[in-house]
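Some structures to go through are shown next.
In what comes next, chain A is part of two complexes: it sits with chain B in the first one and with chain C in the second one.
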Partner chain A sequence: MKLPRRNFLKLSAAAVGAVSVGGAVTLTSRAKAAPAWYTKEVKQVFSICENCFWRCGIKASVVGNRVYKVDGYKENPKSRGMLCPRGQGAPAQTYDPDRLKKPLIRIEGSQRGDGRYREATWEEALDYIAKKMLDLKEQYGPESIAFFGHGTGDGWFVDFLPAAWGSPNAAKPSVSLCTAPREVAAQYTFGRAIGGHEPIDWPNTKYIVLIGHHIGEDTHNTQLQEFSEARKNGAKVVVVDPRFSTAAAKADRWLPIKPGTDTALLLAWIHVLISEKLYDQDYVEKYTVGMEQLVAHIRPYTPEWAEQQTEISAEVIRQVAREMARYRPKAVVPPTRHTVWYGNDTQRMRASYILNVLLGNYGREGGFYIAMPPYLEKYPTPPLPLEPAAGGCSGPAAADKEPEGYKPRADKGKFLAKSTAIQELIEPMISGQPYPIKGLFAYGINLFHAIPNVPRTKEALKKLELYVAIDVLPQEHVMWADVILPEATYLERYDDLVAVSHKTPFVQLRMPAHEPLFDCKPGWWIAKELGKRIGLEQFFPWQNIEEYLDTRLQSVGLDLETMKSMGTMVQNGKPWLTDWEKENRLPFGTLSGKIELYSEALAKAGFDPLPKYEAPQPVPEGFYRLLYGRSPVHTFARTQNNPVLMEMEPSNSVWLNAGEAARLGFKPGDYAYLINQDGVREGPVRVKITQRIRKDAVYITHGFGHKAKGMTLANGRGASDSYLQTRYTLDRISGGAGLRNNFVKLEKAPPPKLKSVTQLIKERRA
Partner chain B sequence: MQLLGWVTAAAFAPPKAALEQDLVSGTLQAALAEMAKAHSLPTPELPRTKLSELQAVYTSLFISNPAGLPCPPYAGMALDERLFGEGFDRLLELYRAAGLEISPDWRDLPDHIAAVGEAIALLETRPALARALALDYLYPWLKRYTPVLLEADPTGFYSTITVFLSQVLEVVKSETATPQLS
Partner chain C sequence: MARLGMLIDLSACVGCAACAVACKMENQVPAGASRLWIREREVGTFPDLAVEFRPEQCNHCENPPCVPVCPTGASYQTEDGLVKVDSAKCIACGACVAACPYNARFINKNGYADKCTFCSHRLAKGQQPACVETCPTYARVFGDLDDPNSEIAKALKAAKRFDVLRPDQGTRPKVIYLNAPSKKGLTQEVSNS
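Here is the complex of A and B:
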């Protein structure tokens, strides 16, 4: 009896006869300790960490198909030779048994969310997607397919592919659920972006005021290194936060502000600087417009008025303003990254920038440096029909005009900014207004742990005619897709070059440490192969990714082989105003060419040209305001299946003021359910009883509370802030979704019946 | 042992036309009968299942499942409780020394149970080595995951195969003084 062989393996004729049963070479090897990896031939490969969005340059130590260690390298301005725990633990994701391994197609007749799939070849899966896309285009137009994405590879799917395809409905959570207010405010004030690498000259500053800043908790590597350097150099630190954060623990002052009243505090500080003539008058005169209007506008915002709003004493408000003035221009109020708080966030960020300008610190040492992007040409392709619409950490998209024959983005008119707002593209999937969105690509984004109002997102997914998920792990939303495409991890793929705006602009390279495991493919390959099938071959003229990268690098006098030996290429910048003045120009891209304290453009668009205070929505009786933040060892909802990181932090906990805990009868070690204003329940989650938070708010770290059973370590641990965010307040300027207008009450809960992470790691078999 | 290897490879490879042909032609059933006879075991009856159903079940058991993957099809998961552990490294060493190379078309890990099955079959001229491979790599996986499959396999196809292969290897184990790896 013979069965036909399957050809997974082949016999090498040369080796036949080399094995002897019981021989020392093989069969007794279990008794021997395996030689340590570092005693073998170790290859060093430059790459970029993907475990948070600081995106440090790393060097991977590789033996065969395994990365054993990653380190920062000193030539890279993101890591400077150091790496955080998240980065160190990141390689474990590549070897996670829960990884997506093969392309999958949902079984015909099954419902979205049932999770019934069959394995498919890449050809079959891509053909399936292409046919559906072309059908949708024929029936509803190219704009009926939306593209969402997050991560270093998202450019292929959120910028390039939709622009080539003709859909303006491309969006990233890093805009309207994160940086949109600060970027839009920066454009209206400075005519420049803040950008993904916040341009603060930390080492030279002498006075730092952090408002709701997660430094030390989001562990953005060199930012934290430089903050420490500033501290070491004697900088004073003031932390404004309803919670005694990690940064507060390092601060000279902690101002436990009433949540949602930050703009009142900023306006009062501006008031003091102006009324006491403490601001940098020469700087304001030389570089700004609108001071006269600001002086008139700021009169009512006295420290005494602000005390009523913020619950910070007028005396302290005055003291801090005077201290800032004493250290100016080396005093700075750095922007946070996540700025979508209460819905009036662009105006809060405008107030913060105006305060900085009065300190004379923009473009000067110890304040904001002027970040420049590195010079790097695009790969030459035919012109794309549309400009990419999603924007990014560096701010809004450049254009908001649709060429003839193309429809505007589906959220156009809901807010002023030019970029899409991801949460505003969900409703058209349900209502079909202003036109139907019938298809969705989700690349690397966690739809249920990023976009508020999860029930609405689920309803939208059910209405789609095509839903494609491209991911590494079987996250809950992934298992709703019609087609699941397993992407190679960051250690297994090239991505496009990463160009970082910086004091010293730089370009960094990600190259694969080894071949993709399983049947996974890199994002660039997926995009190119799909492009071929949907009539976009002309936009992917490059033969392979190496040729693509090499061509781009030639534009800066390099080639791929040289870059492989460098990892990072650093260029010269123009960080200070004096650098620009030498060229007889200023860096401000505003209409006036100066810093706009008073924004004529906002006034023309019907918005307040100077920031006004709006009181936050009141906390309902019996509820607490839900605040959320970051963990130093986790990133968003991406890392909770990583065994290394989960051993360090296996769950979140809810911070509850000790007085409130006593009133509610919570004791150390107790667990609670969190129930929001709409009856959504999360948890159980351990209660952290602490003096480190105000009585009117509770706090949890973001990213826990996974409901994907296919992620064996992550599933069921802690509580999700995103699931509790059933409401948001739209910022009508930036499109940001203010998420801190959700409220929860606590109910006692039994401890969760969960195995320890350590035990689960051992048992990862069922 | 060679037949056991081929049956393992045929049954645990992603179900495609080749498996359908083995089932329709009765080849796989006949192979089980021959093995049963050789080891004085009753012949199991493979359930009749459509290829499309087998593909769906295979995916949910061995590739991806929103409720948690019941049976990762990798020998290393039974040996080391993780991927790429020491057992995986030992298996690679064994393949290398036996002159076995992974085909570039095989888009999965070398310790996938189907690949282990094929390795057993290919080592036809080294029966002791094939036996050791079966007992030290395949058998631990069968032992760990057969109870899971008995509960999780709605078709009965995979559980029937694993129960039978376990029985065969238990007979082999009791009959033969195999070279031990530890």
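Here is the complex of A and C:
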């Protein structure tokens, strides 16, 4: 039949008697053409996404040994039925022909980095590792082996195994290369962690100030959903960034700050709130200590002074401070996750928390909620000799004491915080100081695309006596290892239960959608089999993972079979928002029991008890400050061999201010090399000529510039920010590695001679 | 009978491409082809800027130029207003690909014209199109434009202004954009001529 030719533009306002379709739309039979997989027998399996560390609950649609589609599901408080692009595209990794398929042992006589391997059985590979570990333990002690890792399985390899083995040198990049400053600052201010799921009460907030926060480019699913909700609910958004980010494109106001001067802006805002008496005096009086010292301290930090530092006008600084005050306590300055910027980052985060406290928003609606952790017992094992040392993005390590007979962590004394700093454990591998580190496990972390100063890391790897990589892909650093263990992907394995502190606390399950492809094994199996061989059998008393999970689930009145049919167990509990005030239960874990504006503990440790402003290192003549961030379709350096995501974004580009591009003679479509202050060259990378960035900085997204020959899609595309970060500035409080004191100049380059991603995908299939 | 359409709120969209990836996976769209893609354009000069993140796909036009040019009747409109391709009838001549002003169609390697179907296989089961379901910014609303009680009709009624792509073509698209960031409406392709 012919469609009535109606003008729908008019129609929208007209009341026409139309057929209402509730539920399924009736379609003609010809219209039902479906993709082939959809018409087969599709099994649905609950799991947890692993394409970033937000860890959304997913439902995988499986046909045989293949997952065709994953979706979020409504009952899961992380995904809530939606997924980001990385989550949607994640299954493609499992079917990547470049995957590691069998255990590999480096050919005897070859050098680390030569990439020459022979296939081995699991038995042989694990025996090889175990023998070396026991030799190293006898010669140098258990602390001579370091354990680095990232991902859901890092619980086995960075927390459990080293603590059972007796090494405090366990570290995660998610700490000192990411969240350490904000977590340490939160401990000194609130006596509480921020935690992996940032507890911002987005839907109820009315005024949001984002400082270097890349929502939209950083597609942490729930956060993006709630940011969108906040805006739909009418929240005003201010974005402070040297770059007109995606978040800035959604903001009511963009403040293009001079890079590295954020603390000056924060101090000036605090100054205005105090000098104009706009802050929440009742909240400050009841719940804080140190206001008197803060009032005296903040006097010189006027908006006029800050204008000189930040290049944001004093008038705008005042306006924004007044607007924040107007909306308080439903005005919030949410902490970013990646906070290791300039080396004085704990103090910047302290300034940001003090500002939030003056707005009276901590523990209140529209501000920070106080998350409740779910209840879940550990599997009963004999007590581990050490406490896990690494901490994580959910907060710092619990203890920093060595029991009798154990060495302290090798980076102890370099900074104040309790958790290890991954980049500070590299030097001992070279110098042998304070004691030798001779062995290394790398689980899921990309050593060269995460830890700054790659030449130093490579030198350290050459000095090791044992280097084991557990991974899914032949990443560059993996192909330096003595033994490579191919792990099953997130769709092929069980992992430990994931317990999330959240508005409503919950526990979620990852279970395999199908058997591992090739000769790959799940992390839990590798840890247990290795444990057996290195005298740690007593710590792995469970027969298999199903028994392990079932036992843990019984502590909350569930069993594994039931959990498999639920995916997520949401527990009772609600966030502390106003209850703590009504009941007069102060949630602050500081020494004073209150929010510490002035930190006596920092003063005692020899640090500034109130945040001071330090000007950033100046940009050398002819250089630009190298800024970096996220692509919405990629996660770190983990997704650049994923065919679906690479088709969406096959490379990064370097953002260059249009005026600078004209001055340097760059035209649209041109390529450049990026050369840093130490002569390290990256690229060629396409130049994005744009109005969206200041003249004193350039920007690239993180994760490109792979140099791994076995990763056919990733290899040689774009530029790596990590390789250009040959320097870092250690934050002496948190142990964080400030990465934004690196500078680059641009040199014209020929376009790279690369086949298109599409062509490579087709060739790989053939 | 319904008149199915889609609203995309550009003030919510961050251009993350979750929709594009979901589409690719759901429909097993071959490498090198897309049924749904994102355009990103900046407007203005530093520091007075805007960015338009704009997902594009088949508009399921009310007056689709791809249908009358089809020599075999493979391209057709359903009673619900979907523009579809019957792959069994299609001879992959490419006439529809050339006729579409939105570049929404491509020739599938299996020998037929291919494009967005609004995930009609999912609709048949009472599900939303994959792009709508996954959108983490709630930018998309799908439904029956003729049903005054549908979310899409209500949203459209409440909107002060809406835009479609290439209105000059007279195609009457049913993918409708709200809240274009530029006051001038949707950004246009830079003409090569």
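Convention: the second predicted complex is superposed on the first by the 722 of 766 C-alpha atoms of A that agree within 3 Å, B and C clash if a C-alpha of one lies under 4 Å from a C-alpha of the other, contacts with A are read in each partner's own complex, and residues count from 1 in each chain.
Here, a contact is a pair of C-beta atoms (placed from the backbone, for glycine too) under 8 Å apart; a residue touches a chain by one contact, two chains touch by 3 or more.
Treat the numbers as computed from the prediction; the structure is a model and nothing was measured.
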item: Touching partner for A:Pro618 - first (chain B), second (chain C), both, neither; value: neither
item: First (chain B), second (chain C), both or neither touched by A:Gly115; value: first
item: Chain B versus chain C as contact partner of A:Ile484, first or second or both or neither; value: first
item: Touched partner set for A:Ile761, first chain B, second chain C, both or neither; value: both
item: Partner with the higher number of touched chain A residues, chain C or chain B; value: C
item: Touched partner set for A:Gly81, first chain B, second chain C, both or neither; value: second
item: Partner chain in contact with A:Asp519 - chain B first, chain C second, else both or neither; value: first
item: First, second, both or neither for A:Leu104, with chain B first and chain C second; value: first
item: Touching partner for A:Tyr68 - first (chain B), second (chain C), both, neither; value: second
item: Set intersection of chain A contacts, chain C complex versus chain B complex; value: 1, 3, 5-9, 11-13, 15-16, 18-19, 21, 23, 25-28, 30-31, 34, 761-762
item: Residues of chain A that touch chain B when the two form their complex; value: 1-19, 21-23, 25-31, 34, 66, 95-98, 100-102, 104, 107, 113, 115-119, 474, 476, 479, 484, 517-519, 708-710, 712, 715, 761-766
item: In the complex, chain B residues that touch chain A; value: 3, 6-7, 9-10, 13-14, 18, 22, 27-28, 30-31, 34, 52, 55-56, 58-60, 63-72, 74, 77-78, 81-84, 86, 89-90, 93-103, 105-110, 112, 114-115, 118-119, 121-122, 125-126, 128-129, 132, 144-145, 148, 179, 181-182
item: Sites on chain A touched by chain C in the complex; value: 1, 3, 5-9, 11-13, 15-16, 18-21, 23-28, 30-38, 68-72, 81-89, 91-92, 215-217, 219, 221, 224-225, 227-229, 231-232, 244, 246, 248-250, 254, 256, 632-633, 643-645, 647-649, 657-658, 690-692, 694, 757-758, 761-762
item: Of all residues in chain C, those that touch chain A in their complex; value: 1-5, 11-12, 14-18, 20-22, 24-28, 31-32, 42, 44-47, 49-51, 53, 62-63, 76-82, 84, 86-87, 117, 120-121, 123-126, 130, 133-139, 144-150, 153, 156-157, 162, 172, 174, 181
